[in-house]
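Down below are the structures I want you to see.
Each of the next two complexes has chain A plus one other chain: chain B in the first, chain C in the second.
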Partner chain A sequence: MMKKFINNPDNITAELLEGMCMAYSQKVTLDGKLVCRANPKSEDKVAIVTLGGTGHEPALQGWVGDGMIDVCAAGDVWAAPGPPTLLSALEKVNRDAGILLVTLNHAGDVMSAKMAKQMASMKGIKVNEILTTEEIRPTEEEEGRGLGGCFFIYKICGAAAEQGKSLEEITALAEKINSQMATIAVLSELATHPSTGGVCGTLGDDEMEICAGQHGEGGGVVMPMATSKETAELLAGKIITKLGLTEGDEIVLCIGGSGKTTVMEQLIAYRDAAKFFESKGIKAVRGLAEEILTVQEAGGYQMMALKVDDELKTLWDAPCNTPYYTVG
Partner chain B sequence: MSTFTKQNFIDMLRKAAEVIEKEHVALSELDAATGDGDHGVTINRTMKAVDEAVVESAALPLGELTGAVAMKVMMCDGGSTSPLLGSYFMGFGAAAAGDELDAEQTAAFFEAALAGFYDISKAELGDKTMMDALRPATETLAAKLRETGDIKASFTAAAEAAATGAEKTKEYVAKFGRARTMGERAIGHQDAGATSWKHIWAAFAEAL
Partner chain C sequence: MMKKFINNPDNITAELLEGMCMAYSQKVTLDGKLVCRANPKSEDKVAIVTLGGTGHEPALQGWVGDGMIDVCAAGDVWAAPGPPTLLSALEKVNRDAGILLVTLNHAGDVMSAKMAKQMASMKGIKVNEILTTEEIRPTEEEEGRGLGGCFFIYKICGAAAEQGKSLEEITALAEKINSQMATIAVLSELATHPSTGGVCGTLGDDEMEICAGQHGEGGGVVMPMATSKETAELLAGKIITKLGLTEGDEIVLCIGGSGKTTVMEQLIAYRDAAKFFESKGIKAVRGLAEEILTVQEAGGYQMMALKVDDELKTLWDAPCNTPYYTVG
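What follows is the complex of A and B.
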């Protein structure tokens, strides 16, 4: 039986958004299904808009605020918002400087973004879209989904927007980040859907799944449960291959727990991964080990890496002030 | 019967909402095998919105009624179902020739909705999606209407085509959505979205 502190399953999204905007009222404010910056940035700067399902907190609404996302359009639990909700987000920050729309590669998000962009274009709203596809799949032919790596784009493009960079510059930056980042997920325990109480997917007690994506939809590689070091080295090795990292490269490395995996485990995984990269001459110059994109009580984590240069490092270090990520 | 009326359309959609309400738990269970187990929740919420929209907008001309349904459906924020069913209902609007349609106009009306759906979905037959039930149902409907002019019989044949199409999804590997990454492991599981359309077309036939 599902043991969650919720009320009516139909109201989960509305209530969690309300809670976030009450708890962090200095930073974010709620307008229907839109989580918006409490202190909007000036209109001469590019706005960052994104969309996605809920139930992944702190992603994505938790990073609305100064220096990151301007407006996040929320759908429902694990479900994208419809086109009108996203359109209302674009209308809200419509400006001559333009909008960067960050879409994670999942069917519903992609379709809603396509329709909302068509509608926005008819209204003369200037939008460039970046589709994140950084997930590592078991075979190279498969297109990756957008996992927690969107965080790199929000942080770095958000900082560039604060500095007054143009939409063209920020779009190019987003494309650069998308091509230089990779995320790989490992799943050790399944999530339950908070609206239905149903368990998502199948996994044996002594098994784990890599390339598992976000929702227990399967499709990864199932293998016997392994130690932190074995797992972290396996995942890090795949990131090195995917990004073609070589000796002397620098990365931002993040271990984002999926919900059930503790901070203790995330820290051990970070240590193991960073040491493995180091052994290959690749330095993790910045890092995070904390919940980034969760999936209820799923066990496991997403390992995310972004290859950085001085420009990306400087923007990564720039100040931001959001409910779940603050710098400076 | 040889005339399809706006009231027929409203009755069909209301019946479909009623059937989905009965089936939604089973649809979520079906979805849990290849998706994230919430298709039933989403399609039920969406069809409730359809039901509310046709009641609220019953007095509007057919073309405006379908537009009102499209908007309400898209406001559900139900993942891919919102843009897909939104564009399906917007598609109807393009071919709503009046509040009473003859057989040819009825065929064109449902074909336009399918075209709207395809424009956003891009799924082909065999991709293990809603399209596997929706397209054969629509094509059968249009062919039967043009052949016989009998609206009731044509919808009955269309419902059978939808059921066959949904059943066939068991044989397919998924090309879209969350089941996409499962590869061969998706074989043997019937697609929840196609199954919803089987129920919807069965309700369409029953309501006439």
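What follows is the complex of A and C.
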């Protein structure tokens, strides 16, 4: 039995977006299915636009605001918005300075982005796209999906846009981040779709799945449930390999809880991972342990790391003011 | 079966505190079981000290930092710290300007605070205490416990302390806040103690409990599981009665998820509550919908409201910089 505090299951997305723009009315405002900055950025600066399904709060709408995303186009729960919704987001911030469109690599989002870009191009709207593909898969041959690492792009490219960098510079920065970041997910309990009550995937009581993606789509590696330390070291080791991290490297390390997993566990996982990186001479110079991209009440977390240099660190530390992430 | 990412159950508190001070090392630092500001406040300003068990993250340690708490004394999971731990916190920030000690009304915390204050007094440490009692109970005769409303005190008294207000002024402010705030909790799923695996309370699959306190101690009112709107209106109505709110009043409204309940649901609850208050002429001028004081993977949320005037609004909006709450 699904026990959630909702009303009509068909109205979940509309109601949660309305709630976000009511609670954080000084930061965000709602225009249909677009969550927009309450205080729009000046038109001579590059705009950051993104798209994605709801049901992953605080992602993605929760990071709209000064210094991060300008407009986020919302789909339904776990579903991409249609091309017309995304096109309306691009039209809303159309400007000579151009738009960086951040698309997470999931089939529906990729298709909507492709069609909306074509339509925008016909209207003379200047859009560059970054496709985030930072997920670590079980084999190197498989293409990574876009998980919570998008947060690094929003934060850092958002800060660069505030500083007045050009679209070409910001696009290059986004590509650099995508090539220097990695996310790996571990799943310990399954999520239910809040509208249908359907459960994604299967998982035994004594099992967990790594490389599990977002929703429990499968394709990961199922193994016996492990301690925090064993799990964190396994995931961190795969990040080191993927990014080719070596002694002296610095990273931003984020542990993003998937829903049911507590902040307490996220903090312990952060500790265990940071100590493991440190044992390899890799320093977590900045960190977060909090819900970033959730999947309803799923258990587990995403471990995200970005290899940073002084430029990226400075932009990471720059001010931002959004409902779910603020730097003063 | 309890499925959590932990290591030795006896080390949970030490490991989570270490993780917090590693992830947010620019904001907080660890001294035994004391979480302290990384950048201590100047000694001519009043210090804010609090105490409480862990297992409620982000509460309470997560709000140590500029503009909120100076030192938080941690107990074990769901357990008050002993008087010596709290005394060491008071000694750490001993100053002529004085200390405001914020104690949540739970038997263990109250006793530790009482003994630590006596010992501090003998050492000439100047301490005023505020006991938070804002919980709405099933009957008016029952004394309220201290729930997530402590957040209002930390934020607003912390801002007043930064502005250089005196201990007498800040104590009066804390008393004003305690008399103008109310919290009511709804519980839909039970929490397990992360060290013992023990479950607090009982609750049927189709039931929820209001006035449920923090841990599922019982003493609330069990009723059939309801929609978001029905639940939010029931809770908001009780807040209106408790605070005697009338048309034209302004409140800060916070929906703090208990653990398993998603940000999605918290946002819908915020919407439903804010609209209900609005229908009575009461305006939620500021808001939050996020995890504030959790109880492991419990389902449900705490609805907190503070009646505000211009003074309280200004202090609410003042800057702060802590691991889990930042105002720029």
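Heads up, the rule we're going with is that the second predicted complex is superposed on the first by the 328 of 328 C-alpha atoms of A that agree within 3 Å, B and C clash if a C-alpha of one lies under 4 Å from a C-alpha of the other, contacts with A are read in each partner's own complex, and residues count from 1 in each chain.
Throughout what follows, a residue touches a chain if its C-beta (ideal position, glycine included) is under 8 Å from a C-beta of that chain, and two chains touch if they have at least 3 such contacts.
Remember, predicted model here, so these are calculated numbers, not experimental data.
Chemist: If you count the residues of chain A that each partner touches, which comes out higher, chain B or chain C?
Modeler: Here the partner covering more residues of chain A is C.
Chemist: Should A:290 be classified as contacting the first partner (chain B), the second (chain C), both, or neither?
Modeler: Second partner only, chain C.
Chemist: Tell me which partner A:227 touches in the superposition: chain B (first), chain C (second), both or neither.
Modeler: In the superposition, A:227 touches chain C alone.
Chemist: Counting only touches as set out at the top, which of chain B and chain C does A:237 meet: first, second, both, neither?
Modeler: It touches nothing on chain B or chain C.
Chemist: Is A:40 touching the first partner chain B, the second partner chain C, both, or neither of them?
Modeler: neither
Chemist: So, A:188: does it touch chain B (first), chain C (second), both, or neither?
Modeler: Second partner only, chain C.
Chemist: One more residue to check, A:111. First (chain B), second (chain C), both or neither?
Modeler: In the superposition, A:111 touches chain B alone.
Chemist: According to the stated criteria, A:274 is in contact with first (chain B), second (chain C), both, or neither; which is it?
Modeler: second
Chemist: Same chain A residues contacting chain B and chain C, which ones?
Modeler: Dual-contact residues (chain A): none.
Chemist: Tell me, which parts of chain A touch chain B in their complex?
Modeler: 13, 33, 53, 74-85, 106-108, 111-112, 114-115, 137, 142, 145, 193, 195-196, 198-201, 211, 213, 215-220
Chemist: State the interface residues of chain B toward chain A in the complex, per the touch definition above.
Modeler: My answer: residues 28-29, 32, 34-38, 40-42, 71, 73-84, 86-87, 120-121, 176-183, 185.
Chemist: What part of chain C is in contact with chain A in the complex they form?
Modeler: Within the complex, chain C contacts chain A at residues 1, 3-7, 12, 15-20, 22-26, 54-55, 57-58, 62, 186, 188-189, 194, 205-206, 225, 227-229, 231-232, 253, 255, 259-272, 274, 284, 286-291, 294, 296-297, 299-301, 319-321, 324, 326-328.
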